[in-house]
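Below is a structure I'd like to ask you about.
Which chain is which? They are A, B and C, in the order written, and residues in each are numbered from 1.
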Amino acid sequence: MKNAQDKQSQPLLDGAAAEDQRCPINSVPRRDVLRMLSALAGSLLVIECTNEGSGEIPEDPAGKRNAGKRWGYVFDVDKCIGCCLCMHACKTENDVPESVYRTWIERYRINADHTVTVETPSKKDFRFAALPGDVIKAFFVAKLCNHCDNTPCTQVCPVGASYQTHDGVVLIDEQHCVGCGYCVQACPYGTRFLHPVTKVASKCTLCYHRISAGKRPACVTVCPTGARNFGDLNDPKSEVSRLIKRHRYRVLKPELGTVPRCAYLGLDTEVV
Amino acid sequence: METGFVFPNEGHPHWTAMIVLYPTLSGIVAGAYIVACLYHVFGRKEFFPVYRFALAATFAFLIFAPLPLLMHLGRPERALNIMITPNFTSAMAGFGFVYSFYLMVVALEIWFSFRSDFYARAKRGGLLGMGMRLLLLGAKDDTPAMREADHRISRSLSYIGIPTDFILTGYVGFIFGTIKANPWWSTATMLLIFFTTALVAGAAMILFMYYFRTWRKGIAADRACVDGLSKYLTWFAVVAIAIQGIELLSVAYKRTADWGMIFQLITGKLFYSYVVMQFIVCGVGALALLFFSRRKLLRDGSGGIGLFIAALLLFTQSIVVRWNVVIGGQLISKSHRGFGSYHVPLLHREGAIPVLITLFMPFVFLFIFDRVINLFALDTKQAEEA
Amino acid sequence: MAEANKPDYRHAVRPIALLLLVAGAALAARTLFIPPTYGLTGPYRAAAPIEAQRKVLKFVEWQQCIGCHDKQRVQYPKDAHVYVQCEGCHGAGQRHVQWHTARRAQYKKSPKTYPKAPADVHLRAAMDNDFCMRCHAMLSARPGGHPQIDPPSHFAHIGMKKEVNGKPPRCITCHPPHSPLRLTDLRSAKVHPQPNRCRDCHAEMKNVVAGYRRLPQSFRLGAAKLKSPHKSLFDCKACHKSQAKRFESSGHKVLGCTQCHNYLRRGSYAGRIVRDAGSNHCLLCHNDNDYRTDQAPPAVTWPDHREENSESDADKDKRCIDCHRDAIHGEEKETEKPDRGKSEGKQ
């Protein structure tokens, strides 16, 4: 390839040199030009292959404590009373603007005629109204980022702004996100959104600042019935491992192959 | 208004009118480029009158294609991150490179195709002449040998350009077709739908612009050219509409869990734009008009108005298809229990007025380009060639 | 290559070279803009997850709260609100803790002149009824074991005045949120009380509680059974007198009540006393099989037994208890109204 180019360009450059003296390239011998060009191309190739930025990674204060951890989340449908304190807590802890939600509660209601009605609480105060009419059954389900193992959202991020940490939490780099919304489309659970103020993608971080400091996520902290549970799935003694071991559970939309790490105990098949 | 249950973050679509516009523009690029290549690669001499316009249109629409994307991005100032730190597991990450590469190829092709015209314009002097001289990069002559070289290089470039063009256009379809979270998008035919409608959009745009131009200049349209263009347009449109129909039919027949939502969507919120516009008016209707006008054209050379309207309708169809895909898909809530809503605002960053302005910018560019060098082959040259 | 049309490529070098140069320069420049630490641990900024940890924690969690509020520390793990977190009701404590920790020395020196905290530091203290209703309003989607009320009927039921001195009654007047009475795990608490702990009734009798707590674990339940008033709480026939009397004549007497009336527990909340078990429950003992001895209870073949004795189609859905009620519960001696209460049941 290189040789062929070399041969072809020989008469051209000779001719050019004879005719156009102003061309600066012609003042240098032809072979040197080619050598220079190939050297340039070679070094360019080397530069291109390095896709790493410079600088040192700052020390991870939680690195030692969280090494080998694999955070998981277990929601017990039978325990949730729909008080929505978690929604308030999440908004407070993470300064989430009014129109978007990192976590929310849904009320499922299977009516007497077997139709299904789903609602979210009132936008203002996060409360559910009393249910009119006949109900076969009704229950509450919390939704949040599932922190999937096979994440569709980090897969599609074109700039590497969405990623999974070593302890399995899916996060967004707000400094680097371009706000294209591809991840919002790719998430099957509707948990991602474009932040109305920063204009970048945002979602539940499992309160990464809290869990790195050894605390529980805000929603788990305030849950009055223990419906929301958080812990290390790698630790067989943790609450989440115990719950998963003792109960039947489901994950949301398993058919999409996202492998969520948010398990639901006693979840009905109506829930999507 | 939203109907049924919609997840709280799904109030309105995140990809809106600008994301409808981008594949429209890139589709026109692909279609126009194929028409240009039909002349100078595949030797269809009847396209001589529109070849230069087609090539210029490729360039014009290509340089404006990223504009809707920039208008859409939450942080447009970080747009180059897509090339600085591309994450190659993302279908979108290669976009910057493919686009830049294609832009280079087309820019070179433009330069080699129009160099003689730049030279002729440069000789006339003036401010524009100086600009042209700058553009010529020191080429100080215009000999038949140089023109032969131009011709050969631009043809060789097309061999790179055609596959790149296919990739760039199919790209958007692939991005939509691989989003498994959305039942309305997640199908392999999405790539084909985007690609075939792109061919339709480009060919239709060139046909109606050619008619528009000849009408403005008061000259008769070249019959062979119109015949050729409308023939290809018919084929493209038949294939495009057939694929759209097959896609709908197979989803309807499979009756998966998603079909219930899709059926509600196309008989409800999307009925007008999908059933009426995409399939009836701009689809089968436009095709029938095209077919009958072509018969008239072949019989006695009339039917120009019919062809013009059919081309406009098919051009609209390509926009409507993209609207139905992009907006329609996001109307289905990920809860599969309800539908969101979308109304185009007027003055918003992604509103109707910025969209229309962006859509017309390539045409304005072409208008100016046409003033500098005649984009539609000169009648004299045409006579010479014949 | 025809001689007459021999192409002249010289002018082509410059545009191609220029474009390649621009492209090359752009590619080279690209690497300069890669942000620091990008790609060191994967396709993202390695510093980003560490930056994400640097955020103020607004919820401090209960361990921090009881550090100062030691009165609540005693009450906290004992009452029905054991799972309810301080900050769930009182709000996020970060500002509160920060403000008061900074003035701790001042408080110790002279608690009386301690300044009043500004409004944004204040945590929510007085709970109005509306706040209680966030969790305890009657909603049929709430799990069965969770205590829920419909305020008007609740106040009517316990015979309270609608208002005193122009003020409606407050939940916390009777139900102090830090030590609410826990009646039972059952939703039908008011008709089927099953006290779980002494404190449910003996909230004020500190000595009783203290004495009880000194007992070894294995004696605790036994201790509750010792005295007669306590015994009744754990004995079915103390309340279900007529049923118990009737049961004396039943062949099933040896089994006792709880053999059939299981207290089903699923999860930590939903509990049911099963009233009418299906026929399968009876068939556990009465179904005919090869392993039966002479001592075994009477055997039937099912559902042949039911079909043989059916007179109409309606009979074909009958359960054992529909025909053999007396054999199971004993014969009714006199007309009596069952005082079964509102024990809900489903098979």
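We adopt the following convention: a residue touches a chain if its C-beta (ideal position, glycine included) is under 8 Å from a C-beta of that chain, and two chains touch if they have at least 3 such contacts.
All figures in this text were calculated on a predicted structure; none of them were measured in a lab.
Trainee: Grab the C-alpha centre of each chain and report whichever is closest to the global C-alpha centre.
Mentor: A
Trainee: Look at the interfaces A-C and A-B and say which one is made up of more C-beta pairs in contact.
Mentor: When the contacts at A-C and A-B are counted, A-C has more.
Trainee: Just give me the whole-number Å value for how far the CA centre of subunit B lies from that of subunit C.
Mentor: Once rounded, the distance between the two centres reads 58 Å.
Trainee: Between subunit A and subunit B, what's the gap in Å when you average each chain's C-alpha atoms?
Mentor: 33
Trainee: Of all the residues in subunit B, which ones touch at least 2 other chains?
Mentor: Where subunit B meets two or more other chains at a single residue, that happens at 84-85, 87, 89, 138.
Trainee: Residue numbers in subunit C touching 2 or more other chains?
Mentor: 9-10, 30, 34-35, 38-39, 43-44
Trainee: Multi-chain contacts in subunit A: which residues touch at least two other chains?
Mentor: 20, 51, 160-161, 176
Trainee: Which residues of subunit A touch subunit C in the complex?
Mentor: Spelled out, the residues of subunit A in touch with subunit C are 12-13, 15-16, 19-20, 40-41, 44, 47-48, 50-62, 76, 78-85, 89, 92-93, 107-109, 127-128, 130-131, 135, 138-140, 160-166, 169, 171, 173, 175-176, 205, 208-210, 212-213, 215-216, 218, 221-226, 265-266.
Trainee: Using the touch definition up top, name the residues of subunit B that touch subunit A in the complex.
Mentor: Touching subunit A from subunit B are residues 5, 7-11, 14-15, 69, 72-76, 78-79, 81-82, 84-87, 89-93, 95, 138, 175, 179-182, 330, 333-337.
Trainee: Given the complex with subunit B, which residues does subunit A contribute to the contact?
Mentor: Listed in rising order, the residues are 20, 22-23, 51, 99-101, 104, 106, 116-120, 143, 152, 154-161, 176-182, 184-194, 198-201, 256-257, 272.
Trainee: Which residues of subunit C touch subunit A once you look at their complex with the stated criterion?
Mentor: 9-10, 13, 24, 27-28, 30-31, 34-59, 61, 81, 83-85, 87-88, 91-92, 134-135, 137-143, 146, 266-270
Trainee: Which subunit C residues qualify as touching subunit B in the complex?
Mentor: Touching subunit B: residues 5-12, 14-16, 18-19, 23, 26, 30, 33-35, 38-39, 43-44 of subunit C.
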